[in-house]
Each structure stands twice: as C-alpha cells, then as structure tokens.
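Consider the two complexes below, in which chain A is the common component and chain B and chain C are the respective partners.
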Partner chain A sequence: MEALANNFQVLFQGLALGSIYALVALGFVLIIRATNVVNFAQGDFAMLGAYMMVAFLVGAGLPYWLSFLLALAAMGVFGLIFNYGVYYPLRHRGFLPVIISTLGASIFLQNSVLAIFGAQPKRLDNVIQGGIQIGSVFLDSQYLVILAVTMVMVAFQYFFFEHTLLGKKLQATSQDKDMARLLGIPVALMIAITFIYSSMLGGLAGVLVGPVLFVSIGMGSIIALKAFAATIIGGFGDVKGAIVGGIFIGVVESFAAYYISVPYKDAYAFLMLFLVLVFRPQGFFGERVSEKA
Partner chain B sequence: MRNSLWGALAAGVAASFFGFTAIAADTVKIGLIAEITGPNAEAGNYTLNGAKLAVDDINRKGGILGKQVELVIEDNQSTNPGTVLAFSKLGGNKDIPAIIGPIRSTQTQAASPSIAKLGIPTMIGGSDPSLTKVNNRWLFRCRPSDLYSSRVIANFGVNKLKLKKWVIVHSTDAFGAGGAKALAEALKEYGVEPVLVQGYTNNSQDFTPVVLAIKKSGADVIGSYMTNSQDVGIFAKQLRQLGVTTTWIGSASIVTDTAMKLAGDSLHNTYGIADFNPDANPAARSYAAAYRARYKLEPDVYSSWAFDAMNVIATALNTAKSTQAEDIRKAIVGIKGWKGVEGTYNFDDNGDGLRGYNIVKNEAGKVTFVEHIDFNK
Partner chain C sequence: MTTKTANPGETRGAVPRTRMSPWLFLVIPVAIAIPLIPFFTEVSHFVLSMFMQTTTYAIAVLGMVVVLGYTGQINLAQAAFFGFGAYGVALGTVTYGLSFWVSFAIGIGTAAVAGGILGLTTLRLGGHYLAMITISFQQIFDLVAVNWIGFTHGPDGIPGIGRPSLFGKPLDDDRHYLLLCALILYAMIALVWWLPQTRLGRAMRGIRENELAAEVVGVHTLRVKITAFTLCAALGGVGGGLYAGGFAYISPDNFNFTRAIEFLSMVLLGGVQSPFGGALGTTLLILLPEWLKEMPPALQFIKDVYLAIYGLAVILIMVFMPEGIWGLLRNTWMRFRSPPPVDTSWVQPLELGIAVTETTPLLKLENVQKYFGGLRAVDGIDLEVSRGTVHALIGPNGSGKTTTLNVLNGIYKPTGGRIFIDGVDVSQKSPHERAAHGLGRTFQNIRLFPSMSALENVIVGAQRDNNPIGKGHRALKARAMSALQFVGMAEKANTIVRSLPYGHQRLVEIARALAGHPKLLLLDEPAAGLNQTEKMELVELLKKLRSGHGLTIFLIDHDMGLVEKVSDRITVLNFGKKIAEGTPQDVLRHPEVIAAYLGEPPANAAT
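For the complex of A and B:
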C-alpha cells in the first residue's frame, strides 16, 4: 500500500515537471519549424515570464488574473522585439549566426533581469493555496494547475494549427517558405507570430513553475536543458514529440531518482537522449532524413 | 621597537612634507573574488556588501599602513573556471598583497593550485576541512571548517536534543560531500551510525525521492549540508508537504535570509548552525547594526565572513608593517584572540582561524541564538 502511494507520488511529480519541460520544448519546436534554428534563449523566456509575474503581482500588487494576463501580454510584446532584434536581422545569414545571436540574447536577458530585480530569488504563491491529501500522497495544487494548463494548451495547440486559417498559414510557412510566399502568405509576419507565441508559451511555463521552483535567474537554463533533450527524444521539430518527450523525461527521471539514485537524477534525461540517438536517431515521432525529401 | 617607532614617525613627517595628496591617492589594493553573476549572484552581492562595509570602516580608522584601502573586484561567475581566471587576473597585478577569495569549497579547490603558485595570502570561506590541509601555505580560512560544524551539529543533536536516529542529506559538490562525511565521522564519536546518507545535485527541481527515502528510514533527526538556499527552500516545502515533521539541524544555508524567505513556515522550528549570528557577541551586534543601517538588509554569513576577512587582512598588514607575502603570512598565523563578528580568531599553522559555531533556531521566521559551541582543537 505504502509502496503504491509512493509510486503514485513519484509519478505525479514526474508528470508535473515533465509538463513544464513539454511547454518549453513546444516553444523550441515551433521556432525550429518556422526558422530552422534552435532558440537557446527559450529557457530564459520562462524565466522572464516568471519575473514579469513577480513584477505585476508582488511589485505592483495587482490581482492574480490581471497580473497573469499582463505577464503573458508583456511576453507577447517581448517575443515581437526578440523576433526583430535577435532573429530578423540575421535571417539570411544561415543557421550559426542566428544560434549565436540567441545565445547572446540569453546572456543579455539573464544579466538584465539580474540588474533590474537583483540576485535574490523571488517567491511566487500558488494560484490556489494548499493541495489535495489522499492518504500519504500529497498533490500540490500548483502541480495540478500545471497539469491542467498543459492539457488545455495541447488541445488549444491542436485546434489552432489544424482548424484555423492562421494556424494553417503558420504550418505552410514552416513546411516550405518559398511555396508559402508564392501563395501570398506573409512569411516574415508568420515568423514574427511564431516568436510571439513561443515567447508567451515560455512565459506561461515560467509563471506556472515559479511557485514550485521559485523565481530565479537560473531557473530557465535548468528547464531548457531538459526541454531541449525532450525535443530531440520526441523527434527534432515534431510538435507531438516535444510534448511526449517532455513528459517522458519528467517521468523517467522522477522514477529513476526514486528507484536508482538521486544524485544522478540529471543524468537520466541525457542517458535517455543517448539511448534514443543510438537506437532511434530520428526520435519518437521524427521522420527519417531519407523519408523527408 | 624604538627604531621602528622612529622610522614610522620619520615616514609620517616625510609624508606630510612631500605632498600629502600624492600619498593619499596611493592606495592599498585588496583583491576580492565574488559571485557577481551566475546562479549564486545573490550571495556574491552580500559578500560585496560585507567587504565594502569593512573597507569603509578601516579607511575611517586610518586605512592600512597609513594608506586608504581600495577593493579590486573580480567576478567569478559563480563557477570554478571563473574563479581560476579571476585569480590569474588578480595575481597578475603586483600591487595586490592579499585577496579575499571564494566562500565556496569547490571554487577554492579549483583555484588552490594557482594560489599556491602565485603565493598571495588568500582569505577563504569554503568550509570543506581538507582545503587548508593540501600543502598550500597561502590559504587562510575566516570561517570555521565543517570539521567543527559537523561536530557542533552532532554534539547538539545527540547531547542536547537526545536524538539518535540520524539521516544526512547533502549536496554532492565538494562542500556537501565533505560536510556529510565529517558529520558521519562526528556522529561515530557518539556511537551513532546514520540510518541514511542521501545526496542530491545542486539546483534539483524535485526532492520527492529524497523525502520518501527519509520517510521510509524512520529517522528522528535530519542533519543537512545543502549548498544553495534555493534548494533548501524547495526541499523544506516538499518535506513538510509530504508530512515529515522530523527535527532538522542544517548547515549555514538553512538560516540564510533567502532560504527563510522562500520556504516560509516550512522552515519554522528547524535548527541551523551559523558561524554568524547578530546576537552571538558584541562585535557581531555592532556589525549587524551598521549593516542594517547601510543596506536595509539582514546581515548573513555571506557578508559577515567577507567583513571579517577584510579586517583580518588589515590587521595582518598593519601588524606586519609590510606588504610582502611571507610577512603577511607570519602576521596572520600570529593572530590570537582577535575578536571578529564570527567569533574569536586563533589562527593555526594550517591557516584555520575559527573552531566553533553558533546553534540557532528558526522561530516563526526569526533566527534566534541558542548557544555557541567551541572546540579547542
């Protein structure tokens, strides 16, 4: 009985943290699909979102939901700025310059936040206080919120990309920019929208995880590393893969930490990454390169 | 004696004759390596605060060797390579007679070979006992080592609280692993074998497996060596959420301002060891008052150790009347019964200055002084 309860507790924690990895991984993937580059500042989007929340909720003393909407809106604006400041000027320069540019942006963001908010980590309260106690299992309300929001976002994502015109235009852009341009789709605008959406998605992950991990400058980098592994495990550039990969990593590391060893917890994600690269290099959902043509 | 007095007088007279401003502009430069950026930037900020407070104090009292003190600050980005780099930068500056080094054991370990090669007296705050025993004559510890923190934790837990079923939770870096090992050895002296020794890596997002293991062990006391305050916060929250109310005696990070702010009531009624407590002694009391007045913050160990380190350097240089490394070393080792904010300093040949700790308790979010436990050796 106790073993069952413990397993359930471990599964629950894994699912919740995995959901956060999934949200950040989703942001990764959307940008990879739209621009073919990895955005190394994706984790810092989460960090920035959490700090925005702190600024509106704790700093300005606004109500929770207003702060939440303002933080997301601010992240949207930030995504647009990021698009024009970090990606757009280098868009014809290929893969590497853009990646270096996002790396630079990451360092810049971390140090700007450090300069503005100071080095001390901030506390964010749960959306709903407390949690649910079932026997010896405790379900933290914030983890429940994370799970619920992730499910909603996955559903929204599906609906948006498959059933709206804007979503289809975005898809077309990611599949073939030249063709999309010929069909009259404003490619630059679509890419800008992708950055706005990814930035909001990252911000959302940060706001959600803030009460659990606390809000600190380094919070984004820790999440981003796992999220990046998730995108590769799921299939580089695959939306489904990012979500499944994120949750997979969360659950595997949680169980491995419980059953095998805690100090190697961070290693399991990368061990999984290694195994997937050896036995299924295209990831769970990725196409083989030969099939892509 | 008589000669040196005349010499000093003559120098003073000469100074006042030959352009006082030229002398005043000439400063004694002391290096400071701090975690200004990176994950530990909050601690680095406090370190700067403490050192600056000491420098202003010293300068008001006439400076070092009659000159004003100036800090030369290098960022180590909270990393080991950053620390090595910072040392080689400061070491390249021949005007720097002494350095305030890192408070982290792992960074000290990384930089120790370069410090030995440079031969510059360096104050360190890392509490891993082995740091001062690696054949490096230039490290001087301005905090008690974990040899003592672990003995104080064991002494307090076993003798005062009468608790015998221990679990040790530790970070796997040099500080955490060193502390855990020392605690296990200290407990052995009381005939206690820990029921569980559980490590974790810094910046863990989830402590559930650790908490479940503690639950299963049936321990009645947790002794912890955790490096980051943020980890303490997350661990405390999850520990209490999963219904573990076990007594907890933690290393210094448990009573940092950050950990207590983040964890809130999850840390109430825990014990911590603190080399610094504002109520522990008169020097600490006046330092705390000055710190609060200047920074509007509660002073903690990250600032207090730097304050003491800077003052030890000033005392040593003023006693040695020299900026030569060998003279400074001799002067530091000669410091006995010097009252700093962290306690009474008696440096030994290894470079260890302090041998005791305060036990403090978190009472509803306020750190209260319980007792000071000192060892002779």
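For the complex of A and C:
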C-alpha cells in the first residue's frame, strides 16, 4: 500500500514537471514551425518570466494577479524584441547562424539577469497555499495549478489554431511561406506574433515552475534541454508530440530519479533522447522525411 | 592520363603548381618569436599562464574550425573533448602513475573515439538534432565528471598533475613547457591550414556547402563527417591534455557547457573558416578580460556584465561579421586583387574512356516502385536504356519523373523492384557508391558548392572513388580542367561559383559530373531557366557527349523541342506508370501521351 502511494506521488510529480516541459516544448514547436529553426534561448524565456514575476511580486510588492499579467505582458514585448534582434536579421541565412545567434541570446539573457538579480536563487510562493491530502499522498497545490493551466493552454491553443482566422494565418505561414505571402498574409508579422506568443508561453512556464524549483539563472537551460528532447521524442515540429513528449519525459525522469539515482536525474532525458533517436528517429508522432532533390 | 602529363618537353600537359601566399613569410617569424619572449625578458607567472591558456585553448578551437568551419556541422561539446584529454592526463599521471605521454595518448584516443561516435549520430540527424545531441553529450560529461567522485574526484578536481619529459629533460620550467605547447599548436595550425586543399578537406567543404550534392558526386558523406568529428575531438583532446599538464590542476568547471560556448565564440569571432582566425579569436577573448581590467573606473561595470557582452557579441558577429575577423581581413584583401588569369594552354581535351562494344542495356529498371505513405509516386516501372543513346523521360507535373531519378540515384531507396547499372544491381547502394560505379547527375535546382571556385567544384566530382585517373592532386586538377574546358568554362576556373550567371552554373554542374568519368549521366531538367541561345548550346553539348564520346544520357525535361532534338528514345510517365515508349516521332504523337498532357476529350462530348 505504501509502495503504491509512493508511486502515485512520484507519478503526480512527474506529470506536473512534464507539463512544464510540455509548455516550453510547445513554444519550441511553434517557432520551429514558423521559422524552421530551433530557438536555443527558449528555456531562458521561462527563466526570464520567473524573474519578471519575482521583480513585480517580491520587488515591487504588487498583488499576485497584477504581477502575473505584467510579467506576461513584459514577456510579450520581449518576444517582439527577440524576433527583431535575434531572428529577423538572419532569416535568409540558413539555420546554423540562427542557432548560434539564439545561443548568444541565451548567454546574454542569463548573464544580464545575473548582473541585475545576483547569483542567489529567488523564492516564489505558490499561487494557492497548501494542497490536497489523500491518504499518504500529498497533492501540492502548485502542481495542481501547473496541471490545470497546461490543460487550459493546450485547449486554448487547439481552439486558437483551428478556429480563428489569425490561427489559420499562422498555420499557413508555417506550412508554406511563399504561398502565404502570395495570398496576402503578412509573413514577417506572423513570425513576430509567433515569437511573442512563444515568449509568453515560456514566461508562463517559468512563473508556474518558479515555486517548485528555485528561481535561478540556470533554471531555463535545463528545462529547455528537456523540452527540446521532448520535441524530438514526440516528433520534430509536432504539437501533439511536444505535449506527449514533455509529459513522458517528466514522468520517466521522476520514476528514474526515485528508483535509480537522483544525482543523474538530468541525464535520463538525454538517455531517452538517444534511444528514441536510434530506434525511432522520427519520434512518436513524426513522419520520416527525406530531403528533396 | 599520367603518361601524357609526364611529358616534360611540352608546355601542354604540365599542370602548374599552386604558389604559397607571400604573407606567410611575415606570419611565421612572428609566430616563432612569441613563445621565445619569456626567455629574453622577465615575464610574470600570470602572463605565462595566460600564454599557456591561449595556446591550449587555441588547439581545441582548431577542432571547431574543422568541424564547424570546414564541414558545417555544429559541435557544442568541444569542452567535453577538451575534458577527455585533460582527464586522461590527470588520471593517468596522478591516479595510475603512467607517464605523461602515455596518459596524453590515452586522453586523445578517448576523445577521438567519443568524437567518432558523436559523428556517427549524424547518420540520421543533421542540423538541430546535432546541436541538441552535442549539448546533451556535453551535459552528460559534466554530470559524470561532477558525480562519479570515485573516478574523477568530483567537484574537488585533481591536483598534482604531471608534466612530460622531452629528450630525458623534464619540462618543469613553465617557459620550456610553453614552448612545447606553442610548437604543437603551430603544427596543428599547419595541419588544419593544409586540410582544405586535400581530398578530405574538399569533401568536408562540399558537405558544408551542399551535403546532398556532395553525396551524389561520390563523397562518402557519413565517413567524412565522422572523420571531421574525430579530428575535432582529437584536437580538443590535445588541447585538454596540454592544459592539464600546464596548470597541474583540473576540475569539472573547466569543461562545462559555458566553456564549450567560449570555444564557439572564439572561433566565431576570429573566423570559422581558417585556423589563423581560430587562433586569433582565442587570443582576443583571453586577453579581453585583462584589457577590461585596465579600463577607467567609469567603465568598470563592464567587467561585471562581461559574459553578457560575450553573448551579445555572438549575435552581433553572426549578423554583421559571419566570417569573423579573419574572414573580414581576407575579403578586404581579396577585393584589391583580382583572381589570377587562368592558364589553359596545358589543358588536355576531355576523354570519357567509354568503349561501346557491349550491346546489353546500360541501365535496366525492373518493376521499380517508390511509395510515400499511400502515394504511389513511382508505381512499377520497367525500363531499359541502351548504351550510347540519349533517353528522355517525360510526363506531366507530378507524374513521378524526379522521383524516378532520385530512386535511380539512391537518394530514395525503392519500395520495390531492382535497378541494374552495367549489369550490377545497385538498388540498395547509397548515392556515393553509385557515383563510384559511374553514375553522374545534375539537379533541377542547381546544386553546386556556392562558395568554392568552379575548379574546386569540379575537382570534388573528379575525386570520386574508382575514378580512372592518375593519383594525386595534379591528376585531379588536370581532369577537372579538361571537364571545364569541355563545357567552355575553363577561363572561369578560379571564379567563385556563386558569382557566376545561372547558365554558367549549369555548365559547371555538368562539368562536375563529367569529371567523374560517368558511364551514365542523369540530367534533371537541364534546360530549365536557360535562354534560347543557351538551350541551343546545351543541345550541341549533349550531342557531342553522345556521338563524340559514346556517353549514355538519361534526362528529364519539359522542353519538348529540346527533347525531340536530342533524344533517341522517349519514355512517358503518368501517375507513376509508364504509358508510352519509343522514338520521339512515335511517342509525341501517341494519343495517350497527348491526352496526358492536354487532357482527354470528354467521353460524352458532342462531335
């Protein structure tokens, strides 16, 4: 009975962490689909979001919901700057320069935040205090919030992309830029919107995970690596794959940390990544594609 | 070929040698002088260790030049390879009591093997995946170095690392050890500098410029990429081993992801395409923090945001100076000197060495199929192409022509059926193996190596396996020049392909295929985008290849005028199936062919 309860506790934790990976992975996928490049600063969006929250909530002493909205708005503005500063000038130059540029942005962000906030990790409080006790299993409120928000975001995103005009324009842009342009869709604007949305999504993930992990400079990189592993495991550029992959990694990682070894917790995602790449390189949902001659 | 070029009495046939650039005579004395400075003037321990850091880092950065600059593959794990070398020396000399040189060799060997394995993952994964894989590798290295305390001593690191002896004399004096490091660095710079002019180096650059085209003209791309990663990792290992010996102490934070990014920034700043750029970037980024310390107090804050500036600099370099400082200097230098005129007096006429004696078909397709999911792009085609003929494959858009060519070529593996070239079943062979078997190809949307010269492009085609030409660079160059002259592009041999007009690029692409002595040449819409005059020239060229050289050509084109003029036989595809075959006169009047192109009259149409 005790073992079952423990397993349930581990599963719950894995699901919640996996949701965070899924949210960041979703941001990855949207940018991949819009621009065909991976944004290696995606995790730092989460880090930045968490620090914005710290600044508004703890620093300025604003109420929680106002801080939350301000942090998200700030992340939106940041996404726009990121688009024009990091991606836009390199958009015609293949993926390698853009990857390197986003890596540069990642270093810049981490060290700017370090210079402003210092190396000491910050604490964020839970949105709602407490949690639910079922037998010997304790469901932490923040984990519940993370799960709920993730589900809402996934539903929202589905509705947004499938049932709104803007969503369809974004989809058209990601599928065929030239055709979209011919149909009068402002492609550059659509890509800017993608960056804004991805940045907010990353920020949201950071705000949510802040109380669970400490808010630190390096929190983004490790989340991003797992989120990226999730996008590959799920199927490169596949929205459904990002969500399933993220949750899969979260769960496997929690169990492996519980049953095998904690210090190597961060290595399991990479191990899974290797296995998937070797045995099913197209991921769970991806289709095998070959370069066209 | 070799017998002809060996005739000393004639100017014709002697391949001119390439001359060394004069500026090297300036660089070499300076390079020799620098590590000798400490022997003549008093230098602080701090400056010596900065020298040591620069030389050892620079060796690791040279690895980045090979893998990123030459081969165009991202590697974010160079710090891990640096770490393999360092831990090899540290554990070898401290834990296991081995000599420095043995430990050094073990460290380099481990790094090289790890690099090769990482390179192997490029089999299936390019681009983003590779970035991710190398980051993962780097993170796992870091996790193991920190957590496997029993072996690596964990975060405390390893002190008391030994140094080598040379000719029985221990190099305990920092100045002597530094001299050793500098000599190894120079040797490595020379190696990396020489590399691009070699077969391997050209293959690497071909992969960087257009991997698919490189594979198709005969480069074993996977092997070359593995070699590039192995070489890169080994250079990392050399740097790391020397670093460990130099500083006598290492800990995991010397080899983490931040260090990997530092190596990347160094190579980007200096210039990713040249070993001199790599060394320059390393020197600048190591000196920069020291210069910042000298700044006036008002600017001291820069020191605190140093790493942030670093990140910003990476973005700015990518946007404004993608070839780094060295590339900028070189481009400026190039602007003031026009490419040397090409001497074509020695060029031999092109020989394809095809003897049309056999009468069996050169190319045979047996029920070849290629499905993409449910889409039957090629749905069971049987086809024979006779030797010394021009055979055209036509059909409306989406009828499976290019897919057929890609299956023939090995870019796609057939879903079913078999392909024979000269009697050999090549169905399961990779594109480079087919190239080695005498299959040449051009692409619909030209696939050259844009930043290489026309000559270099064609040499990559000439250096395929089993190409029946003499050994060595001179034979390759002679072959490539003959091919260029054949298509009328010999005068442009030294021109960078990107700056050639479209029609000329097509010709260079054909020359690249011809340089490899193809038995069978596949042309994917060779006339697309050419003007009327260029089309006429192309027709003449194809006729010359067929009649004068006995080359078998299999081509796709939409220009029926051209197809009718050059073809001996035409096969028509529609919906992945063969609907007609025969001489141009018959096929182009075939009712089913006309229906496929123009649509059928409705069955119930009023007549």
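Details
By our rule, the second predicted complex is superposed on the first by the 288 of 293 C-alpha atoms of A that agree within 3 Å, B and C clash if a C-alpha of one lies under 4 Å from a C-alpha of the other, contacts with A are read in each partner's own complex, and residues count from 1 in each chain.
The rule is simple: a residue touches a chain if its C-beta (ideal position, glycine included) is under 8 Å from a C-beta of that chain, and two chains touch if they have at least 3 such contacts.
This one's a predicted model, so the numbers in the text were calculated from it and none came from an experiment.
In this superposed model built on chain A, chain B and chain C take up the same space, so to speak, and clash. Contacts of A:Asn6 after superposition: chain B is touched, whereas chain C is not reached. Judged by the number of chain A residues each one touches, C leads among chain B and chain C. By the touch criterion defined above, A:Leu213 reaches chain B but does not reach chain C.
In the superposed model, A:Asp266 makes contact with both chain B and chain C. Judged by the touch definition given at the top, the superposed model places A:Asn111 against both chain B and chain C.
Once chain A of one complex is fitted onto chain A of the other, the partner contacts of A:Leu96 are limited to chain C, with no touch recorded for chain B. Among the listed stretches 9-17, 153-161 or 315-323 of chain C, only 153-161 clashes with chain B once the two complexes are superposed. Residues 110-111, 114, 263, 266 of chain A are contacted both by chain B in one complex and by chain C in the other. Residues 72, 74, 76, 121, 124-125, 127-129, 131-133, 135-137, 139-140, 143, 146-147, 212, 216, 257, 261, 264-265, 268, 304-308, 310-315, 318-319, 322, 373, 402, 405-406, 409, 411-412, 443-444, 447, 524 of chain C touch chain A in their complex. Chain contact summary for the complex, chain A toward chain B: residues 6, 9-10, 13, 17, 110-111, 114, 118-121, 123, 131, 136, 138, 140, 212-214, 216-218, 222-223, 254, 257-258, 262-263, 265-266. Interface residues of chain A, counted against chain C in their complex, comprise 32, 37-38, 40, 85-86, 89-90, 93, 95-101, 103-112, 114-115, 221, 225, 228-229, 232, 236, 263-264, 266-267, 270, 273-274, 277, 281, 287, 290-291, 293. Chain contact summary for the complex, chain B toward chain A: residues 37-39, 41-45, 172, 198-201, 203-206, 208-210, 212-213, 229-230, 233-234, 241-243, 257-258, 261-262, 264.
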